[in-house]
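Shown below is the structure under consideration.
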Amino acid sequence: MTQAYDTRRTAVLLVDPYNDFISEGGKLWPRLEPVAKEVGLVDHLRTVIASAREARIQVMFVPHRQWEPGDYDTWAHPNPTQRGIQERHSFARGTWGGEFHPDLQPQAGDIVIHQHWAQSGFANTDLDFQLKQHDISHVVVVGVLANTCIESTSRFAMELGYHVTLVRDATAAFLPEMMHAAHELNGPTFAHAILTTEELVSAFEAART
Amino acid sequence: MTQAYDTRRTAVLLVDPYNDFISEGGKLWPRLEPVAKEVGLVDHLRTVIASAREARIQVMFVPHRQWEPGDYDTWAHPNPTQRGIQERHSFARGTWGGEFHPDLQPQAGDIVIHQHWAQSGFANTDLDFQLKQHDISHVVVVGVLANTCIESTSRFAMELGYHVTLVRDATAAFLPEMMHAAHELNGPTFAHAILTTEELVSAFEAART
Amino acid sequence: MTQAYDTRRTAVLLVDPYNDFISEGGKLWPRLEPVAKEVGLVDHLRTVIASAREARIQVMFVPHRQWEPGDYDTWAHPNPTQRGIQERHSFARGTWGGEFHPDLQPQAGDIVIHQHWAQSGFANTDLDFQLKQHDISHVVVVGVLANTCIESTSRFAMELGYHVTLVRDATAAFLPEMMHAAHELNGPTFAHAILTTEELVSAFEAART
Amino acid sequence: MTQAYDTRRTAVLLVDPYNDFISEGGKLWPRLEPVAKEVGLVDHLRTVIASAREARIQVMFVPHRQWEPGDYDTWAHPNPTQRGIQERHSFARGTWGGEFHPDLQPQAGDIVIHQHWAQSGFANTDLDFQLKQHDISHVVVVGVLANTCIESTSRFAMELGYHVTLVRDATAAFLPEMMHAAHELNGPTFAHAILTTEELVSAFEAART
């Protein structure tokens, strides 16, 4: 699949690159490790971000809420994942697990979106607004998890009128069948392009010339 | 799994019950038929709606855009499903396929939400607003397709702060593995309850007393 | 005030040009007539739309809900305007008052947005989505009423990231002090440009060359 | 005007109680002082919040973005107010002006909503979501400025399906005619109740019994 990008109208959305998810020693890393290693997750995230920076494509960090004491306690109906976070304290503010992976840190010119409470980086945040104020029409959604935050962020992006690209080896999930669902069953119904990192980098390079 | 409902705060969202989807002779029926027959889709939809009416639970119809000539033609980037509709003319206004199934017709007191362009019944419609004006906190999302419109409507409902129930045999999809993805892989991350029609009806009956 | 427009990225949003509002004999015309005649409302709306068409600028109709029997009756809290419509049946579907002014009819290529229930043309409609699918970044908001639908649509447009232009003599209100509030007190805090029809037409003409 | 509240379904939204706005020495205080003193702004805000706490009504802080270096610099079209903040550095993070008034500090059980970029506390924040997760149907919107953030937050609240109360002497503006516009011209079209602090306190006291 080939796809053309206008570097001034495209953004890479890097979702939840927390140590707790993608770094050895992270709270959720043991569940993610098999798929993450099989697809080369962290290497590919480094490659996608480096390629975007070389092409002067906007990078936006789209972070989940960093857990704080009291979170979700007064809510009428936290979802199953949020009830899990209440116990596990995933991405806790002030801890190593709640920091971004050391190779995936914001740089000058990047934009860090408001934290999302659940799965979609658009819900209850300024992501749509920041995309408009930076004149972005095309989003490339990478990071974790393929079938939760990446998929919900991408489903919302499509409903909001954006062109959506998924990158099948710049994401991961707890089970291989979740990757299959994200990229073979569901993604093809809402995403405009589903690429490999290699294909994306070629497209970004082509867009630079 | 048991789940309690307040009949005054609950709504059943019936998504896309078009002849083209769920009736013999419909344009998409051949793709849906195997799963629909296996789960007893139309029987269960009849049962869910009848049970809701007996319990005086609000029923809302959540319909996809009825295709009209020119639809999507000037859009910057219709999604893959929309490009398919451009060719197939699914749910065309003024045709039998674009009518609701004869046993699933709106009655006095039901609310028909504005038509959605893509998968989520919340996106670009008055669904959230109508739920608030009717003081609904809990939504039960039934109809088709399990992994597209039902799942996107439910993901949005959760992000908007609603309690979300899926009903595993009151929906269908093109492939059994799409049902598995919707109810075993993805649903458990965002839905507050995943029931069978029988369990839902018991809960509605319990709520009436 | 001068303002430059890219004709491919600009849309004119024509809000609520119903006979009940802006035509002699309309239900609300007697309240609007003094200001409407003073500013030359209908003439200026004709001029704005004609100028947009000549420049091939997208025109979008942004209509209020056409009243139907039962509207608002089951709502928890209709707003004061909606309670008025329940009595007056303004913009009733199937009546002359619920039709657009004869000189302000949609033409091929125009887009008619879903009907809004209250004041903002963005709330509970597909307006934001249609703007994105047509790659619009700048909106010019004209029609009625200056301090209700025009102002709420414009406040929403700014919050959603659009560039917003008001046109002080292509709108009207029930009282002169409402016009003053819209254009001298409130508009300057959220609108990016506040022009006269003459200034807008000059800007559109300049954009054509 | 009398209005009844259910204490479990009501929230007070306290918008932008920053020193820069409402405290002597604040950057914008000189422009606000005449109206603020005339209506007794800070005294009435203290009274509203104290009354809400006694009735166990949820208090939510709805803060504007605290200015940081770089804010708005890369945006396509900041609005006139935002361009002013770029120069004035109003509500700068880490400064006294960017702190809440000492008598209007969050307490245990209060909720602090994500910061808004412009006027509406709902736009690009988690306000709607937090209201739903706390089962709130009625909002009382107080703080500043009457015709910008209070009015936009209230217009959005109505469009989102909430019952909206304005409090005419628990807000202020730069000019008396802006107060007139907010409470006599515009508010009556979208707000369900417009009270004085005294009337609100009586209603809250009645709701406690």
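Here are a few things to note about the model shown:
Residue numbering begins at 1 within each chain, and the chains themselves are lettered A, B, C and D in the order written.
Assume a contact is a pair of C-beta atoms (placed from the backbone, for glycine too) under 8 Å apart; a residue touches a chain by one contact, two chains touch by 3 or more.
The UniProt protein names, listed by chain, are A, B, C, D = Cysteine hydrolase.
Since the structure is predicted, the reported quantities are computational estimates derived from the model, not experimental observations.
Contacts with subunit C and subunit D are shared by A, B.
Over half of the residue numbers at the subunit A-subunit D interface are used by both copies of the sequence. Set side by side, A-B and B-C show the greater C-beta contact count at A-B. With respect to subunit C, maximal separation of chain centres occurs for A (centres as means of Cα atoms). Averaged C-alpha coordinates give centres for subunit A and subunit C that are 38 Å from one another.
One inter-chain figure worth recording: subunit B and subunit C are separated by 34 Å, centre to centre, where each centre is the mean of the chain's CA atoms. Spacing of subunit A relative to subunit B, judged by their CA centroids, is 28 angstrom.
Across the assembly, subunit C contributes 76-77, 123-124, 128-129, 132-133, 135, 137, 159-161 as residues in contact with two or more other chains. Partner subunit D is touched in their complex by these residues of subunit B: 128-133, 135, 137, 159-162.
Interface residues of subunit C facing subunit B in the complex, by the touch rule stated above, are 74-78, 109, 114-115, 117, 123-126, 128-129, 132-135. Within the complex formed with subunit A, the residues of subunit B that make contact are 76-77, 79-81, 118-120, 123-124, 137, 147-148, 151-152, 155-156, 158-161, 163-164, 175, 177-178, 180-181, 185-186, 188-192.
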